Amino acid sequence: MDRRKRLFTEKRTVRWGDCDPAGVIYSPRVFDYAMETLEIFNREILGINWMDLNFKRGYGVPMVRTEVDFMGLLRSDQEIEIDIHVSDIGKSSVTYLSHGFDERERYFRVKMICCYISRTDFKSIPIPHDIREILRRYMGTGSVE
Amino acid sequence: MDRRKRLFTEKRTVRWGDCDPAGVIYSPRVFDYAMETLEIFNREILGINWMDLNFKRGYGVPMVRTEVDFMGLLRSDQEIEIDIHVSDIGKSSVTYLSHGFDERERYFRVKMICCYISRTDFKSIPIPHDIREILRRYMGTGSVE
Amino acid sequence: MDRRKRLFTEKRTVRWGDCDPAGVIYSPRVFDYAMETLEIFNREILGINWMDLNFKRGYGVPMVRTEVDFMGLLRSDQEIEIDIHVSDIGKSSVTYLSHGFDERERYFRVKMICCYISRTDFKSIPIPHDIREILRRYMGTGSVE
Amino acid sequence: MDRRKRLFTEKRTVRWGDCDPAGVIYSPRVFDYAMETLEIFNREILGINWMDLNFKRGYGVPMVRTEVDFMGLLRSDQEIEIDIHVSDIGKSSVTYLSHGFDERERYFRVKMICCYISRTDFKSIPIPHDIREILRRYMGTGSVE
């Protein structure tokens, strides 16, 4: 059984404007791709978009640390899938892993550690209960490498 | 006497990541370049940055219309200058012209029409008096083509 | 009968990172949105992506002029559609119109004039016959405002 | 004696369009800032820009791994300095550290590992001798944390 099928995955085509004169993706764009996939994951899986999280619920989720491994060169027009794993849930922080891949190859792996804060004083807060529950259930669905 | 010398001008080097696989600047980046120069113009010439304009004084200055003419191909590492002219001051709107050039050539011309609005109801307002005065004085300094 | 249905249209959600501290889309991103839709139009309707056009067929299609009208403020998470009209076909140049809209409102209108050139000498060339034919047929499908 | 003075450092003002609706820098832009500083370092310290490195000398320098630590929130209009350290020189790869800071605070730390490859077969190659020499001399100038 393919466990990957149960993970949140976004299809995406590498854009001309994301590539540089060497003909491959400009490396900072890989962080953009992972971050944009995480944004959709928040909206679709956690059920709350970043606008509402910030301005209705009063939380922020700044990035604390990001690691990007570049494993294969991506070129314009290549179609890839980008997944989101939840690999760790702390008191205030969540660690996500995101891979860019197609049937043949894995192109990148991005680890993103975010921290829940209050917008009032910008101090870290415990992950809100409802969000923690969804993260916990989602975390059980996928293998993490 | 060189009237261009009296205009606000920013030096800038075309970046690798702003160019596409064809080896030239990705065209939307030209709008970014002009907009970023306008941002510096606001801070240095009008004396107010966009953060303070929005959050201390309660105004917004959304773009209403932009026209970009691409006259020459820009490549990575090229050094250009980008100027800002005030070409028209209306009741609520200001028209800026911005050119990208070096000694040999003009590469682009960007016309930007912005409108002062109140952040309370997002309706247009007269250009604040102090800003209008600075715009008027600045407008007298440069020829506009 | 709805002629809009027969036009190439891409759905898109305004991204958090495309919006600025004022909470609305940073205006140069509208040019990016139109350009990215045109890129997909080239691949899906003209049947040739920009990589192949440049490096297999030896053409370039630089932007000559762009006009952007901003009609409504777009915010993060808004879902819009972006269409592509062919409004004029010249000897070497093609004029596209692209609108961003939803059921209630039109948010932007972008006019893009591109010119076919040879990559050998960067001089304009007649639009290749096969591409001209597709553009002509497509042009008949949609009303242009 | 201040060793930092001897390091390559670029001044930069955080841009409005690099910040998101939460009012702080959109985190992927930090990778852009470090990468753009590295681009200038290549041009000014290594004495070769990426265009010439790729198309005159036939090398590429793709990113292999990037780590970003976000230590402080950056807002629009903040003036920071961004430095470049060489922290390790391998057979084919170079490890750079880049910090964003002002007098009061350190805002980010970016580790970038790049690898020299041949553009002919995209295989790794030893760092070219002249570049290795400059890197080695530069590496001696600064402390690395």
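Per-chain numbering from 1; labels A, B, C and D assigned in written order.
Everything below uses one rule, namely that a contact is a pair of C-beta atoms (placed from the backbone, for glycine too) under 8 Å apart; a residue touches a chain by one contact, two chains touch by 3 or more.
Keep in mind the model is a prediction, meaning the values are calculated, not measured.
Across B-C and C-D, the chain pair carrying more C-beta contacts is B-C. In this assembly, C is the chain whose CA centroid lies farthest from the centroid of chain D.
Spacing of chain B relative to chain C, judged by their CA centroids, is 24 angstrom. Rounded to whole angstrom units, the spacing between the C-alpha centres of chain C and chain D is 35.
Shown for chain B are the residues that touch two or more other chains, namely 16-17, 21, 26, 28, 32, 35, 50-51, 76. Interface of chain A with chain C (complex): residues 13, 15-17, 32, 35-36, 39-40, 43, 49-51, 75-77.
Interface residues of chain D facing chain C in the complex, by the touch rule stated above, are 16-17, 19-21, 23, 26, 28, 76. Chain contact summary for the complex, chain C toward chain B: residues 21-22, 24, 26-28, 31-32, 35, 50-51, 54-55, 60, 62-70, 73, 119, 122.
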